Structure formats: structure tokens, C-alpha cells
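I have a structure here, written as C-alpha cells, and I will follow up with some questions on it.
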Amino acid sequence: MTELLGLPPALTAAPAVRAAFTPYATLGAALAVQAALARALAAAGLCTRAQAEAIVGACDPARYDLAGLAVEAARAGTLAIPLVRRLTAEVAKTDAEAASFVHRGATSQDVLDTSLVLQLRAALGVVRADLDGLTGALRALARQHRGTLMTGRTLLQPGPPITLGLKAAQWLGGVARGVARLDKATEEALVLQFGGAVGTLAALDQAAPAVAQGLARALGLKLPPAPWHAQRDRLAALACAVAVLTGSVAKVARDISLLMQAEVAEAAEPQGGGRGGSSAMPHKRNPMACTVALAAAHRAPGLAASVLAGLPGEHERAAGAWQAEAAPIAELVLALSAATAAVTEAVAGLQVDAARMRTNWDALHGLPLAERLAAALAPTLGRAEAHALAERLCAAAVAGGHTLAQAAAADPAVAARLDDAALQKLMDPATYLGQAMAFTDALMAEHPP
Amino acid sequence: MTELLGLPPALTAAPAVRAAFTPYATLGAALAVQAALARALAAAGLCTRAQAEAIVGACDPARYDLAGLAVEAARAGTLAIPLVRRLTAEVAKTDAEAASFVHRGATSQDVLDTSLVLQLRAALGVVRADLDGLTGALRALARQHRGTLMTGRTLLQPGPPITLGLKAAQWLGGVARGVARLDKATEEALVLQFGGAVGTLAALDQAAPAVAQGLARALGLKLPPAPWHAQRDRLAALACAVAVLTGSVAKVARDISLLMQAEVAEAAEPQGGGRGGSSAMPHKRNPMACTVALAAAHRAPGLAASVLAGLPGEHERAAGAWQAEAAPIAELVLALSAATAAVTEAVAGLQVDAARMRTNWDALHGLPLAERLAAALAPTLGRAEAHALAERLCAAAVAGGHTLAQAAAADPAVAARLDDAALQKLMDPATYLGQAMAFTDALMAEHPP
Amino acid sequence: MTELLGLPPALTAAPAVRAAFTPYATLGAALAVQAALARALAAAGLCTRAQAEAIVGACDPARYDLAGLAVEAARAGTLAIPLVRRLTAEVAKTDAEAASFVHRGATSQDVLDTSLVLQLRAALGVVRADLDGLTGALRALARQHRGTLMTGRTLLQPGPPITLGLKAAQWLGGVARGVARLDKATEEALVLQFGGAVGTLAALDQAAPAVAQGLARALGLKLPPAPWHAQRDRLAALACAVAVLTGSVAKVARDISLLMQAEVAEAAEPQGGGRGGSSAMPHKRNPMACTVALAAAHRAPGLAASVLAGLPGEHERAAGAWQAEAAPIAELVLALSAATAAVTEAVAGLQVDAARMRTNWDALHGLPLAERLAAALAPTLGRAEAHALAERLCAAAVAGGHTLAQAAAADPAVAARLDDAALQKLMDPATYLGQAMAFTDALMAEHPP
Amino acid sequence: MTELLGLPPALTAAPAVRAAFTPYATLGAALAVQAALARALAAAGLCTRAQAEAIVGACDPARYDLAGLAVEAARAGTLAIPLVRRLTAEVAKTDAEAASFVHRGATSQDVLDTSLVLQLRAALGVVRADLDGLTGALRALARQHRGTLMTGRTLLQPGPPITLGLKAAQWLGGVARGVARLDKATEEALVLQFGGAVGTLAALDQAAPAVAQGLARALGLKLPPAPWHAQRDRLAALACAVAVLTGSVAKVARDISLLMQAEVAEAAEPQGGGRGGSSAMPHKRNPMACTVALAAAHRAPGLAASVLAGLPGEHERAAGAWQAEAAPIAELVLALSAATAAVTEAVAGLQVDAARMRTNWDALHGLPLAERLAAALAPTLGRAEAHALAERLCAAAVAGGHTLAQAAAADPAVAARLDDAALQKLMDPATYLGQAMAFTDALMAEHPP
């Protein structure tokens, strides 16, 4: 509906992910469930193979009028009712008896939940592959810039130096942990829904287990210990896993968008291919990939909240909570897809300006190494006094337009304790990277390709 | 995209509201802005009337390939850039000079924000009329059942009696106050966006005020004191007004769905026309209208949260926050429309079973009047002792299967204080309605047709 | 602050959980981190054991003026800065040199994040034990009522029968899966934070790994591959696990509160001990435990959304996102604790009225078995016609005040197909429980004690 | 509870706002309601003046054991029940008969809702005065820097110039509109709650209107047309108004925090008084006020969502939704207070570096004026070609390290159209401020002191 408003995930997600959630895809999934059910009924001896195939033959989404179905579904409050009616009529055209086996034993929610599961499987398969691309690009960036020195920034203010490699490895850590959580949540959530009217499969009598197993097998889904019409925790956990991961992907975009600021200019996402221009400003090189990812992350918390709100639904099928759940779950997956595709492009083509990183560092006049200077003075001055002296030297350096090294060298209390060589070494950022590379390596090792 | 998943507002909103937010509608709105801009430029003397009309002539959405535009928009991060390019080319076919006036002075966000405003105006106009239908139906229900006695229920437990009229008037109060807030928020939010690249209209030089006024006039929108590219409070306030009202509409649905329970059976939404059936259960009379409204209300808080989250965007145009805002605003309006249409149907056709209301009350054996009994005894027994005695009498009535009147009559402490006639009157719910009708009248008077 | 407003989780959580998040507990945790750091420094040879013990001795929260610290913390934007200053002063009273080792190598966020982790460990330990109590109570209920027949209810309308055992087993499934997710998220999230100013531990030079390992060991926390100042995914995933589980716990409360309705009266939470009364209504038996749990679940989605919103923070330490995260995480744990304690009490003492369950079923006149009747007729009538006939028989039964069995027996189309004995058996709910008990057993087996 | 975790609003709000929501304040408000009720009962002739004063005398919060009350309230699910019990006992010590009039006619929710209203009135009064301080500071900043040129920035990239005055006036517009909305929502929401058990005031019989009016008068609150136990829209609208305004206040903080970046350095919030330091980095000048405000804004959307989620509560008093509402409303007010106080400090003491603003502009080499250059060339080159030429000139300027003016001057197509003087004037940012000052003036006029 709203695909051209702003930059919604529905427009910027991967085409195959978008395709998984179209109305046509929902119809196709619902018919796939009906076809699999027919075959499971036959396998369990409830109908003949020919009857099953008559149903299967009618389960072609192209045969149905989607717009008309949508109108009826909106009235009925579910797609399943008008679809079952039309499918039954379609089957009856060729085999009146077979028609009586359509939807046998199932309830609307069985069809719709399992359809959602099938659509999520399709969509998440695509997203998952894209995520491998992203972690690969992050790994490559971390490797390539393992030693590239840049300013560390906390609370948007400069601190001691880090490496771009560490920054990239931290991004990798967040994304890779999220992927692992997504995998686990996906495996748990993508299971068959099949319980009949109130979740007992009573209409199938003794054949119920066989039909359920056959249906699960036909669809390639795991069979859970029981239906889950009113226990939505698996889907909610999946929604949360998607939301967390979207946030971690957008974290990369946040940092790149800040590094792209003209006054920082340490990195830039690649331009071209219609991306990054401005309708009013010919010179603009906008962080469009980052913007897409950040927009996706802006949606995720509210979407996850909508899914979480539905958990305490009523009795054996909720009135309102369940029906509100599928759309935000799909939108979360679209958001993750959009963010992943955009950030992968940004990272894979990232234009790194290592020289500018050094220039920006040098422009800080060594102030972020005040911590180091204070530490070097603490053993002889005391920590509090050393901290206070370092603060005064910083102020003096700023006031005089000097470097901290210059201000320190001019201070008798420092001069009495540190000779020039020691001071120079203290003020060299390359010798103050600490565990930056070790942490980079550890993160890379924790998340191998 | 996700219109057939569950019961999303996108499927159940009024058709005209849905139509307002389709990609085609967005394209149409963006072209309407461009056409109005062209005429405003001409009126301000920046181009000729003929040039303006050349542009206006090209602003027919049917001339453009929506799918192709969507692909380019997704890349560009905005619809405006590819649209300006194509519109310019289209104009150039007939008038090369006119083409140079396309989008003159505007920035992408001017076009997209004003388009959203136009779409919201169209959609909210429809919703607003539907809301009048709802308040009318609520007023009629309150009037008709001004004296219909029913059990009051707090924390899902029975209390003293109320009237259905009061319940309906309370529903009316919540909805009507929400409509008043919506009107105010709509009036404030639906204003022109026109600021050029950074919100100064510098590209139009001295002509800027005239062009802005002409554009506002052409679109029938108010001109705010300044552009609002990075001040999104008006739209956020509108989103909140929609969310609050959706909740108040769904409150009606909550109550009706509870009254429809088979064990309560005091009211039912009308059935028929394809609504309320079940694919598995022929006997089912499902509260589908209520379910639609409750599903809409399940979405609203998360959608409002997404809009609120975008307020602290960066500098003169946010990277991510702005782009994430339009879709949830539209979805909120769709949710309100869906809830309003469904609840209007439920209220207008509500099947009230006043006899059952009385039967349900009688089945409580007068226990909810224990408060009244305690109050009658308090002057002579003391409040605490009277409360405790009433509790004991309730327990005795429950244990013995008696009414509270019977248990009270059998208690010497009561008998010493209240004769039979007094006790009967105390236990008559019709004499314990307090201000129910006065409050009903006051709420009706506060919100006249 | 707001503990007496409404029924916030802060008031209704388990006392030991509440205690874990008081300001005093935060102070204590921060000092525990400082003490452990001192010992780790000594173990790594950076200071003497005596100096470390001088620091440890000063790490007694009772020595500090909490109110004064709070004022300074509010100004400083962090507790760590005034605390380090005061701790340093306190140590200096006995050992001036030792004072210079206070907080050595650490940054504020190291102390605050690790403090939060310690507080979460304490709180979640309590919650976890309470959750075992809840799953135990659910298991007992499922076992005891494995065969207790009750009406199944979908969309708040009656359907075919289920058993209370299945209902309880479904509750168990939701809660037990949530507990498993919580365990995993807890294990992942409760790790040491230690990275120094920008996450490189540069101030500790070569000794960094040894200090980090010593600190982790002293606190009994795992050491992650790298600090996580700006990668908050583990905590966000933990917050989500808590939110999902809170929803599953509240699902139990939702159902019990509905079963407690006077018109349903199939089950009731235990009363007494100051719970469930009303200030105005002596007869009231309010579902207070359920209300507490539902109120907790009302908070959870918004709290989780707040945590998720913070993921894309800036660079090496976020300005705003990080600082907003700890409170909602704590509030989520308080909410889960409150919900768990309340629902455990409700389930463990649940007053089940099996006779009323049967009475309520009988009052439905067999209508929910229309599905079964339709299925029995479908082979000879065709599915559509059988469904339509069943609908007509339901309508006739309702109109005439008969049971569905009576209406069916009077219908020639039925009579021609089903004799009386067959009809009676069809209409017996006890023979239409399908897999209710098998699913109960499977859920119990999936989640053993 | 969680006041020292992170930087929650509960710690950083104005002390008087914090005081309004302590448990002691809640107790005091509840007792103030009881005292006012006693006097209203006397004025209506239901009890004697002496009895009323006996109750009033006992309504001193210092007489009650808050901790004990909290424990009982947690059990009872409401503060009202144990408080009524204790208050009754306290009154009975001096006047046994008077004790029977305690809480007469009221229900728990009457007391708690009205208490919340009183607490909100106290807190919002403080916040409102602070907001006047903020709008005053914004107005002063806009006035002082009406002509101060700075780079406009969209999508975090430089655009044409704006003035700091316009930026400040835009901030003012957002905040001032929010204040107007807050005023309106406050006036609507802060009304008396008084309805008795089910909202009919039946227990007070004919005296109900008089008691209600007396109670409203005694508390200085408006009397609404009816009680609103289950219609929470006014409070939800107030919560939303607070959330929107918090976002607009935090927008100021967002921009200042970005301007404070070392590489931008155009403005800085004032330091000192314990604010802005770092425990690890002596040189740090952290944007702590901005961080406080941004943290508050991170909470607001989730808190508002929690309030919105409670709107569709059950019947005459919700089970869960109502009880979950008060705490997030209070937290929103705390968040707004914290943000307002912090941003007022930042704006009032803002250190503006106008020279650096110009330096940063100059470092852009005029590229953001490419739009202007393109426009100047469009009439003779055509818009598309002019835009493309401007893009090429930008690229050439960047590649060659020249200004756009230099690149343009070297281009024959430009040289043929624009002489040097014209080019210089085109590239002068001071002549390209468009309506910056007019918009500033209009915003200031729209929101006078």
C-alpha cells in the first residue's frame, strides 16, 4: 500500500523478500498448504490419491481472482474462509467428491499461520544469504584496516585512538551474534501449525497424527509437540531476533553516516547507480545506504512492540492480537532485508580515507592522550593530582593553540618527570592502541566465515 | 505488500482511505505538487503561463511507469529524484524551455512532505465522515438504552448495576473527545512544506514568498510561518491523535466482544454479508467487527512510537528518522479507518438482549449490592463492621445458594436494623442506578450531533 | 520513584528482585567492581596486594552518602565520576599511594555496565527460581486436569471441547520455552564489560589481558572476546527474552481472568492474605494476581522498544542511547518477576470448578459440535451442503431452544443418514477431544521438571 | 527503584518534579483526596463538620508507615484498600462515628486517579515554568544570531548556508508548539475522577452531584461530565503531548551534540559544575546536557506506547491496562523535565563559535552553492544540462582541490555566461540566505514571550 511513502522497508528490501509477502504470495502459500493437506489426507487413507490430486490441481494461485478474494477476506476477517469456498468450488468442477476433502480437519488459523511460516521461510532464506554477504564484507574491512589508526569517539567526542579494523570487527561481532540468534529463532519458529478448530484435531479422529506428520513432511516443516494457535512466543522471539539484528546492522550505518560528514570525511559509502544524489543540490553525496538502514531501524522497535503486545491473547484463539501479528512480523523482515542490503553495499564499497583519519587525529593536538599522560604522572604525582594537571595542560594547549606535548614539555612538573623522548613516545598514538588488534583478531576468530 | 497477512488495517480500512495511500496516489500527489508549483512560478512571474501549462500537462500520473519509478526511487532513496528527471523529460518533449522550470526552487522533501499532507487530507476526510457515523450510532444507542439495566463490571467482575445507555454514552465520550483532538491536530498538521534545499528558499530569491503563497493557495493548504523539514512535531501530534482515537474506538470493540461471549450473551454484533463465520465451525458467530478493531488498536501504539522516535532528527533534514515516518503515519490512519468502519457496523446493528442483561444480573443473587447493604448498616454498625458483615453475608449467600437478600434477612444484626420492605428496596437494582442517566445525559449534551 | 502509582512492577516484583535494583544496590555493585579491579591489578602486578586491600576496604557502600552521590551523578551524567572521586578520597585516608590505583584502566561505562550485569545476575537468579515454581505449578495443573472437559474458546466464542489439562499444558509450553530462551540470553549477556576509554584497554598496556581475566574471575563473569561499549545486542536480546516470557506468563493470567468472570465461573485464583478485595464492594473477588501480571505485560512491549531503539548508537560510546538502556532493562526484569510471582500464586491455588465447566458446555446445546455433525454428513451430502445443513440446524436449535441433537434428529436428511445411537455418540463431547490428551502429554514430555 | 541505573529521567528531572512522584507524594495526594472528600460530604450534609475535620486531621501522611502500606498495597493490588483501612483506624482513635465516613461513596480508582491528577498538576506546573525558561533561551539565541551564517546540513551533509538564528528559531517553533499542545492536553486531562464502584455514584444517592462538586472545588479541579474510569483518552492524549514535546526538546540536543563534535566545533554546551568530565579522559568535554536530553527522548516513545496500549480496557474498570498506566505517565513527565532542564542549560550557556562556522563553510570550497550556479546557468543551458555541468564542476573542484568558483571560472561554458563579478557574487554565501531571516522573524512572531 504505502510503498512509495518516505523510504519504507517495503520499497527498499530485496526484491525476493518483497515478493515473499505480496498478496499473491500469501495466496500461493495458502494454496500450497491446502495441496499438502490433500496429499496428507490421502497418505493417511482419508481420501483417495485421485481426490487429493484433484485438489492439488486446483491449488494454482493463478486460477483465483485476488482482488475479489481480498474484498471477501476483509469482510470475513480471514482469507481462509473465502479461499476455502472458492477452492472447493474449483475442485468440484472436476471432482465433486474430492471437493468435500478440501480443508478437511483444518481451521483458518492452521492455513494462515502455516502460510506465514512458509513465507517467512522464503524471505528469511534470502535475508540469510544477504547477511552472509554483510559479515563477509565486514570481515574483509576489518582485515584490510587492522592497523589503520583513527580517532576513537565516545559521546561524540574524541578519545584515544582505535583502529578502523577494531571498529569493523565490533560491527562484525554485533551482526554475527545477531545472525546466530536469528538462526536459532528461525529454526524454533518455522514449524507447522495444525490443530483444527480448537487445537485438538478432533475432526480427524484417530488419523490426526498421521495427517499432521504427512502435512509437515509435505511442506518440509518440523512438527511441534502441539499446535500453537494461542501460544505465539516462537514468532515473537523471531520478531525480536529480527529487530535486534536490524539494530546491529543500522549501528554500522550510524557510524558510517557520521564518518561521512564533510567535516570528518574519513569514510564514504560508494555513490553511483542512482544513489546518493539530490534533487536540489548537484554537489550532494548523500549517505543514502546508511539512511535506508537507519530508517529501517527506526521502524523495528515499534514493530517488535506490536508483536510483543499480542502475546497475552484470549483462550484458544485471540480476538485481535493474533490478527495484528503477521503484518508487523513481515515488516520487520522487510526492514532487516532493506538494512542488510544497504549496509552491505556501503561496507563492501566503503571509501576509506586513512590519511584524513590521521589528519583529524593530529588536529586534536594530542589531547585525547591526556589520559596516558596522567597515568604516566600518577605514580609520582598521585592519581588525582595527575588527572588535574593533565586537565590544566589540556586547557593550556587549547588556549595557546599548542599540542598537549608542547604544553607538557613546558610544564616544570612534567619536565621533572619525563624527558623529551619519553614524552614523544607517550604522545605517539600508534603506541597507544592497546588491545585494538588483539580484540579485532578475537572477534574475527569468534565469527569465522 | 502485506495486505493479506492476518487482518492488517491495510486490508480492512475503507476503500477510499486505502486508495489514498497506494503508490499511484503518492505519484499523483507528487505530480499535483509539481503542477501547482509550476502555476505558482508563473503567477510570480518566474516563468510564462504557457510554460507552466506545459508542466501541468505532463503532471498526469497515467503517463508514468510506476514500477520503474519505484525501482529508481528505492535506489535514489527518494521518489522525488527519478520523478523530477522523468517529468523534466516529459515536459521537454513539448517545451524544452518549460522543462527547466520543473521543481524550480523545491527540494525532494518539499514534494514528498506536501504529497503526504495531501494524501492525509484525502484519507482523513473519509475517516472523519465515518467517525460522524460512529458517533451518531453511539448516540442513538445511548438514547435507546438510556434506562436498560445491566451489570456493571470492574476488573472483569460484577459490580452494582449500570445502564447500557451509560456504557454507550461513555463510549461516545471517548470517541467524540478523540474526534475533537483529531480535528485540531489535522488542522495544525496539514500545512504546506516548501523550503528548498535547506529551508531558506534561497534559490527563489525575492520571489520566494510569492511562490510559497501561490503554491499554498493552489493546493488549498495553509502556509506555516516557516518550512518544517526537521521539525516534525505537527505530524507526530497528528499520529498521536489518530492512535488515541483508535484506542477509544477499539474500547467499544473490547466491551462488545466481551458481551458477546456465549456465557454472557448480552449483546452481539450483527452477522451476515460474509462476516462472522468460521471455516471449521458452522455454528460460530464470531465478533469479526470487534476483532478487526482490536487488531487495529494492537498496531497503533507501536506505530505511534515509531513516529515519536523520529523527532530528534539531525540538523536541517534527518538521515533515517524522516524517511521512516510517512509509512507508520499512513498505517495509523488505515488502522483508525478500519476500526471506525468495523465498530460503526457493530454499534449500528448491535443486537441487544436486555432480558439476558437482567437474567445475568439476577444470577448474581444481589451480591453486587453488598456495598449498598453495608452503607445502610454503616450508620448504626460502623463502616468497618458493616463492611465485614456484608462480606460475611455474601459468603453465606454463596455457600447456601441464596440471594444476598435472603442471607441478610436471616441475619439478626440486619433484621434488627432493616425490615423486609427496606431490605427489598435496598436489593432492587433499579433503585441503585445513581447518576447513570444523569451522566448519560451530560455526556450526550457535551457531544451533540 | 513511582512505586505507589498504579500497580507498577516496581511494587509487585519479588522483594529480592526489587532489592537488586535499588540505588543502594547499584552503588554496591559499582563498588564491588572497583574492589575486584583492585585485586585484579594486584594479581597482575600493577599494584601491591596491600594497596589492593586498601581499596577493597573502602568499597563498602555503607561508607558513602547515597543522596549526595545521586545529586553529583545527575550533574556528571554518570555515577562513576563522583564515585571514583569519593572512593579515591576514602582510600587516600589510609593509603595515599593506593588511591592512585582506584579505577585504573577502567572507564565509567566499564563500571556501570558491569554493575548492571551483576545486578541482573542477582535479580534473574531470583526470577529463575520463581519460574521453576511456575512451571511446576503448571505441570501439576495439567496433570491433575488431564481429562477435565471444558469448552474450547476461539475469538471469545465457544468451539468444540478441550481439556483443562491441555490448556495448562499449552501455558506450560509457552512459559517453558520462554525460560529456555531466557537462560540462553542470560548466559550470553551476563559478561564482563572492560575496555577502558575507547575499548582498547590501552591504559593498561601489556597487562591488559591479565587484568581483564583477573577481573572477570573475581566477579565470576565470563570474559567476552572484546568490550561491548557500543554493541548492545546481547542486552537487547536479553531484554527481548524477558519481554516475550512476560507475555507468555501474562497469557495464563488473561485466560484465568476470563474464566473468573461471574458468568463463566470455571476457575478462580485464590483469595485471601489481603488480595482480591475491593474498597467499595464487599462482595468482590477480584482477579488481582491476574491483574498484576497483565499490568506487567502491558509495560513490556514499550520497555523492550526503548531498549531496541538504542542499538544504533554513535561510535565507541553512544550519547543518549546507552544511558537510556539500563532502566528499562531493569523494569522489564521487575515486570517479569511481578508477573511470575502473581501467576504462580494463581495457578498453584487455582480453584477449578469442573462441574461448572460441564454446565457451561451443556448450556451450549451441543452447537460447537456442528463441525462434527457436518463432517459425519459430508461423505453422503458433500462438504458444502453438509456445512450449510449444520448451519441451518444450529439456527433451528437456537430458535427453538433445543439442543443440536434434537434439531438434528428432527431433520429428515439427518435421520436418513444417522440413527439415534450414532447421533448421541456424535454429540457426546467426551468422545470429541481428539488429541487433547496426547498433546498434553507431548508438551509435558517436552518440558520435564 | 532504578534511579542510579544509567541516566534515567528519574535521576535527572528537576527535584520538584521528582518529589511529585515519590511514594510519599502519592500517599500525600491520596490523603488530600480523602480530606477533601470528607469536607465535601460535610458540605453536602452527609456528615457533620466535626466528623469531617476528624478525618481531615488524620490525613497527614507523616502519620502512616509508608513501607508497611507499600507491602499491603502490593498484595491488595491497590494502595487505596490498605490506606482506607488505616485511615479509618486512625480516625476511629478520636471519633468512631467519623470513621464510618472515610472514603464514603468513593472507589479505589477515584482516589488513585485523582491522586495522579494532583501529582501531575504539581509536576507539570514545575515543568511548565522550566519550559518558559527554555523558550526564552531559544528566543534570545535566535535574536542574537539572527545573521550568523553557518552551513545548512541535510542528511548529515553540507548544503547551502543558513543562519544560526534560523536554526534556533526552528527549535523554538518545535518547542513552543509543543508547549501549546501540552497546555491544552493538561487542561483537558487534569479533571476530577469520582464515580464510585461502577461510575454511577449510586452509593451517594441524591447527594452525589453536591459531593462531586464539593470535592472538585476543594481540590481545585474541574468536574467532567462523567467519571472516566474506563475512558483513559484524556490521560493518553496528555502522555502523547509530553512525548512529542520531549522529542522536540531533544531535537535541540541532537543538533548541539553534533555541532560539538571536535571536527565541527561550531558550538558547545557550557561545562563546569560537575558536568561534562570523564572518569578516564581528562581532556573530555562531553555533551552531557545533550546526552541527558537524548536519553530522555529515547524513553519517550516506548512509554507513550505503553499508555496507548491501555486504551481498550475492559468494561467499567480494566484489569491490567489501567494499573499499568500511571507509572509510564509519570516517567514521561520526568523525562520531559530532565530534557527541558538539560537543554535549557545548554542553550542558555551555548558557546557559539561564529568564526568556526565560517571556516567550516569556507572549507567546503563553495560546493553547496552548486545549486545556485546551476540555477544561474539553467536559463541559457537548460535545467538538466546546467545541473549536470554543476555536478562536473563540483567533481573537478574536489579533484583539483579548487573552489567551485575557481573550477567554474575555468570552464568555457560558464565563462561564456558569467563574468567574474557575477561569479563572485553567486559564490558569496551571505547573499544566498534567502528567507532565513524572514522565517526567523516569522517564527519569533508566532511564538512571542
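By written order: A, B, C and D. Residues from 1 in each chain.
One rule holds for everything that comes next: contacts are C-beta pairs under 8 Å (C-beta built on N, C-alpha and C of every residue); 3 or more make two chains touch, one makes a residue touch a chain.
Quick caveat, the model's predicted, so the values are computed rather than measured.
The chains in contact with chain C as well as with chain D are A, B. Looking at which of A-C and B-C shares more C-beta pairs in contact, the answer is the pair A-C.
Between chain B and chain C, the centres computed from C-alpha atoms are 31 Å apart. Averaging Cα coordinates per chain places chain A and chain C 24 Å apart. Taken residue by residue, chain B touches two or more other chains at 107, 154-156, 159-160, 196-197, 203, 250, 253, 257-258, 278, 280-281, 286-288, 291, 294, 297, 301-302, 304-306, 309-310, 319, 371, whereas all remaining positions touch fewer. If you check the complex, the residues on chain A that touch chain C are 85, 88, 92, 96-97, 99-102, 104, 107, 152-156, 159-162, 166-167, 169-170, 173-174, 177-178, 181, 184, 188, 196-205, 208-209, 225-231, 233-234, 236-237, 240-241, 243-248, 250-251, 253-255, 258, 294, 297, 300-302, 304-306, 308-319, 371-372, 375, 378-379, 382-384, 386, 432-436, 438-440, 442-443, 445-446.
In the complex of the two chains, the chain C residues touching chain D come out as 1-8, 10-12, 18, 21-23, 26-27, 69-70, 72-82, 84, 103, 106-108, 111-112, 116, 119, 196-197, 203, 250, 253, 257, 273-281, 286-288, 290-299, 301-306, 309-310, 319-328, 330-331, 334. In the complex of the two chains, the chain D residues touching chain A come out as 151, 153-160, 257-258, 260-264, 278, 280-288, 291, 301-302, 305, 309, 360, 363-364, 367-368, 370-371, 374, 387-388, 390-391, 394, 404.
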